[in-house]
C-alpha cells in the first residue's frame, strides 16, 4: 500500500517561482536603497506594484493581520493570472480565488476558516482546473520564504517526506553530506510581491508588528522582490530610530506604504480589534451560492469606492470600537 | 596558483561537534520543559552545567555583552579540554585559551581586539598545537547555530568556497537539486553549553536582550544542549508575560539563571555601560609577557573570590557609574 | 450514549485527559484547542501550549478562534514566528501534537487535502496540510481527535496529507522523517485507539461507557486490532463538563451548544 | 608626502570618497569605520551602513570601537542579528563591503588568518576571517583599505582567508561564489588600485600627490598593471581633515593622533 508515495524522491508538480539565487540577486542589486518617501494610496500601490501574472504572498495569518484594502483593490482593479502562496491563507486567498484573479497557487491552507468551517466560494474556485495547484505544508512555505530571505535556492527539512503532500509539491530530496540522512529539499520562494499589514510604519517603510504573532512576515518581507505595507498608523521616522530592536521589516525591503486604519477588518488585529464574526458569518452564508457570491462582490467590492467607504458599510468606526472592546476583553464576542 | 584550494569540494579539518539531528533530538526530548526556578550562583552554574571536555559557545560579541563572571569562574574552577566556538570572540576566548581551559576551537575571530590590536597571550595560546583548530567565517558559525536551532544537520551557503578558510574548515559542498549550482554545506553546530549575558531574565530563564544587537544569540540559545544565562537584573515572570514579543530566549532553552550586575565588564553592555578601555589597555599590556599573564590571572581571577570582589577590584560601582556615563553620552571616553 | 453530554463534549473531555502537565503540546484548530484549555484548567496548569503562528504558553482569556489570533499570544511567554516554533518541533522540543480529524487509515495517515482521484480537479477540495504535516512529522507523538464513522476511518485515504506510520513499521524513518516519532493515540466519540508496537496498526485500547467492540468496528472502514486488556473510559465528570461549558467554550464554538 | 596629514589620515580621507550616497555599505573594524563616518558627514549623509553584529544605518554619536558595540545600533533603523545582515548580503542587498588590510595578492585575495606553513602551529596566528570572508563573497563589490608595502602586497598569500578573484577570471563563479561579485578597489597610502577586466589582476588607477609609479611598484611584491590613463588623487582637503580630526576620531583611535 502507498508504495509509490512513501519512497518518492521528488515531487511531481510545477514550481511556480524561479528559485535561482543569482537571478534574485540581480533583481535585489537594483532595488532602491534610498531613504525616500514611499507613502501612497491603495489604488496607486496596487496599480503600480502589482502586474497581471505576478506571484503574490500575503502576510499575517489569513484572517489575522491581513491587508484587506489591498486585497479588495486587487479584485476591484481586476488583476488576472496571479500566482499566490496559499500559506496560512483564509479570507485573503478566498477573495482572490473567488474573484478570478488567481491562476496558480502553492497551497498549504486555503478554503478553511478554522473553527468556522469552509468557504463554499473558495471551494468552488480551488476545485476547478482554472487554478493550477501544488501542495505543501505551512512549515514548508515558511521555510521556503526563509530560504529566499537568506539568498539561497533551497533549504533542507525533515517533514513532507513519505506523503502525497510531498508528491504533489515541487520539493525534491537531498542527502546530508555529513550524516548520509535523507532530507526534503525545499525550493526557495521569492514572490514578486508581498502584501503585509502592520501596526505602524514610517514613510520610508520601516515597519513594526507591535502585538501578536509574526507568522513568517519577517522572512516574507525579505524574500519578496517588492513589498506593499499597509499600516494602522503612520509614525515618524524618529520613532523608528528610538527603538531599533522593534523594527520588524526594514525600509529597504519596502516599495509602498499606505496608512489604512482598521485595515485588517474583518480579521483580528492583535492589540487593536477582534474578528468581526458577524461579517464572517454573513460572508460564509452569502457565498454558499454563486448568485450570493456575485452579490457580495458587487456590493462589498466593485460598488465600493475605497476602504473608507467599505468601513462605513460594515458599520463604521462605531463597529470598529465594538470590535476593539472585544479585543481588549471589555466585551465578550456575544456582546 | 592556488589550484589545490579554489576547486576543493570539502574542508580537511576536524568536525568537533556531532551534527546528527536525531542525536540532538534524543537529547532535547529529555530536556526539562517545566516552569521551575533556575536561579543559582555563578559557582553552581559552572560546577553543575560545565564538564571537562564540553564544547561551549559564548553569546554577545567577544567584548560586547559577554558573560564575564561565568568565564572567570570556568578559569577559577580549572575546567579542562573544553571545545569552543571562536565566533566573534575576543576577551572570552582569550581568557579560556590563555588559562589552558581549551583544547580545540572552531575559529572565526580570536586573538584580535578590533581597533585595539591583538592579545599577546591569546596569540601564544592559539599558535600552539595544544589547541586543535579549524577555521570558519563569522557568517558560517552564525548559520551553523541556525542550522542546529532548526534541528537540521546542515545548511547551504554561498561563501567560504575557493579559499583556505574552506580548506581548513570541516565544511563540505553540495549541489542544489533545483539549480545545479554548487553551495557550501555547513554542518549544524549543537554546542554542549551556551553562556549568554542578557539585560533581564525571569527565574525560569525567559531572557530579554533589551538594547543593542543580538549577534547570533537567539539561534545559539536554541542550538545549545544546555544554556547558562547571566543577567543584569532578574525580573518577575509577569513582566515577561506582559510583552511576549520582547522575549529573546524562551525559558525552555535555559538551564541556569544568575543575576550578575555589571556582568559584561570590561565589555560594553548596550544601554548600560561602555567598554572599560583602561582595563583593556591594562590587560593587553600585562599579557605581553608570560610573567605578566601569570600575574594577571592570579590577581584578577584565582585570588578573587567572586564577581562582586572583582567589581570592587576594578573600581567598584563608582567605576561602573563612570562607564555608564560614557555609554549614555554624558562623558566622552577620555573623561 | 448518556444524555448528559454530547459527542463533542465527550471528545473534548476525553482528549483533555491525555495532556500531561509540564509537557509541550502543539495545538491545532478546534477540538484540540478546547481540550488543551480544559486540561489547563483542571489537571495540567503548566502544560506548554504552542500555536503554529508563533505563540508559546499563553494564559488564554478565552477560546481562540484561530491558532494565530491574539488570544494565543495573550500573556504568552514568547510571541515569535511560525519558523521559530516549527524549528522547535524539528529540534525535538515538542512532545505532543494534537490534530483535528479527517480521513484516517489503519496506520494513522491523515487526509485533509482532497477527496477523489484527480488532483487538479478533485471531487472535493479540502484546506490542505496547514501545519499538520509538519507537526505529525516533527513532534514526538501525534494525537488525533476525531468523531468516528466509516467514512472517516477508511482502508486507504485518498491523499496522505499528514504522515502516520505510512505503510508500516520503519516506513517513516525510511522516508526520512525523524526517528522514533509517530502516531500515539486517536481519541474518538466511541473509544480511545492506540497502535500495535509490531505492526504499527491501529488498535482499540479503551471503550467509552456503553460502547461495544462491535459498535466501534462497525464505524470503522478497516479491521481494528485490540489491546490485550481493553479498558473502559471513565465518562466526563460534572466538573469537566461545567468548566468546559462555562469557562472554555461558553459561546459553543466547538461543543456546539 | 605632505606634512599636513599622516598616512592614516590620507587613507581615511581617500577611502571616504568612494562611498556613494544611498548605497548599502557593510563596514569592517577600524579604518573603514572612520572612512564611512567621514563620508556620512561630508557627501553621503544617507549611506546605509551595516555592521556585522546586526545593526543597520545608525546615527553614530561617535566612532565605534567594535562593529558590535552600542554606537553601531544608536538610533539605527534596525538592531537585528548577524544572521539577518549576513543573509541580506547573500540575497544581494549590499553594494559594498569595506575591509581592512592584511596580506593581499594580485587577485585581491586577503590573508588575515596565519603566517607560515604549518596550519596547526603557525609562525604567527592572526584573528581569522571574522566576517571578511562572508562579506567579500556575498557583497557586490569589495573595497580594501590598507597601507602599502611589499610585506603586505605579496606574490602569494600564506592563507586565502577572504576571496578576491582567487586565481583569475571566472574562478569565483567556478568555486560557487555568487556571480558578478568581487574586488573593486584597493585604497592605500600611495595610490588607488583597481582590477583589469580581462585578467582580474590588480592595476594602478590613481597616484596620490607626489607618488610615482616606481614608488608604488617598489612597495609591491608582485607586478602591477596600469590603467590606460593614470589619475592623480586630490589630496585631503582642509575640511576633510578637520572633520576627521574633530568629529570622527577625536580620540585618535584610528588616525593615531
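A, B, C and D are the chain letters, set down in written order, and residue numbers restart from 1 in every chain.
Throughout what follows, contacts are C-beta pairs under 8 Å (C-beta built on N, C-alpha and C of every residue); 3 or more make two chains touch, one makes a residue touch a chain.
Given the structure is predicted, the values throughout are model-derived calculations rather than measurements.
Student: By label order, what chains touch subunit C and subunit D together?
Tutor: Touches both subunit C and subunit D: A, B.
Student: So which chain is farthest from subunit A, going by the mean of the CA atoms in each chain?
Tutor: Relative to subunit A, the chain with the farthest C-alpha centre is D.
Student: Check A-D against B-D and say which one is joined by more contacting C-beta pairs.
Tutor: It is B-D, judged by the count of C-beta pairs in contact.
Student: Centre to centre, by mean C-alpha position, how many angstrom separate subunit B and subunit C?
Tutor: For subunit B versus subunit C, the centre distance works out to 41 Å.
Student: In whole angstrom, how far does the Cα centroid of subunit A sit from the Cα centroid of subunit C?
Tutor: 27
Student: In subunit C, what residues contact two or more other chains?
Tutor: Expected reply: 55, 73, 79-80, 89-90, 138, 178.
Student: Of all the residues in subunit A, which ones touch at least 2 other chains?
Tutor: Answer for subunit A, listing residues that touch two or more other chains: 21-22, 151-152, 157-158, 173, 181, 183, 211, 245.
Student: If each chain is a dot and touching chains are joined, what shape do you get: line, ring, star, complete or other?
Tutor: Graph shape here is other: it fits none of the named patterns.
Student: Let me know each pair of chains that touch one another.
Tutor: In this structure, the chains touch in these pairs: A-B, A-C, A-D, B-C, B-D.
Student: Using the touch definition up top, name the residues of subunit D that touch subunit B in the complex.
Tutor: 29-30, 33, 51-55, 61-62, 65-70, 72-73, 79-83, 86, 89-90, 109, 113, 119-134, 137-138, 156, 159-163, 166-167, 171-172, 174-178, 250-251, 253-254
Student: Which bits of subunit B are touching subunit D when the two form their complex?
Tutor: The contact residues of subunit B facing subunit D are 1-3, 5-7, 13, 60-64, 86, 88, 107-112, 114-116, 118, 123, 126-129, 132-133, 135-140, 142-143, 146, 157-165, 168, 173, 181-184, 211-219, 268, 270-271, 274-275, 277, 327, 329, 332-334.
Student: Give the list of subunit A residues in touch with subunit D in this complex.
Tutor: By the definition above, subunit A touches subunit D via 21-22, 24-29, 31-35, 148-152, 206, 222, 240-242, 244-245, 247, 250-252.
Student: For a test of understanding, state which residues of subunit C touch subunit B in their complex under the given definition.
Tutor: By the definition above, subunit C touches subunit B via 22-24, 46, 48, 55-56, 58-59, 73, 75-80, 87-93, 95, 138, 140, 178-180.
Student: Sort out for me which residues of subunit B touch subunit A in the complex.
Tutor: Residues 10, 15, 19-22, 151-158, 172-174, 176-179, 181, 183, 185, 187, 209-211, 245.
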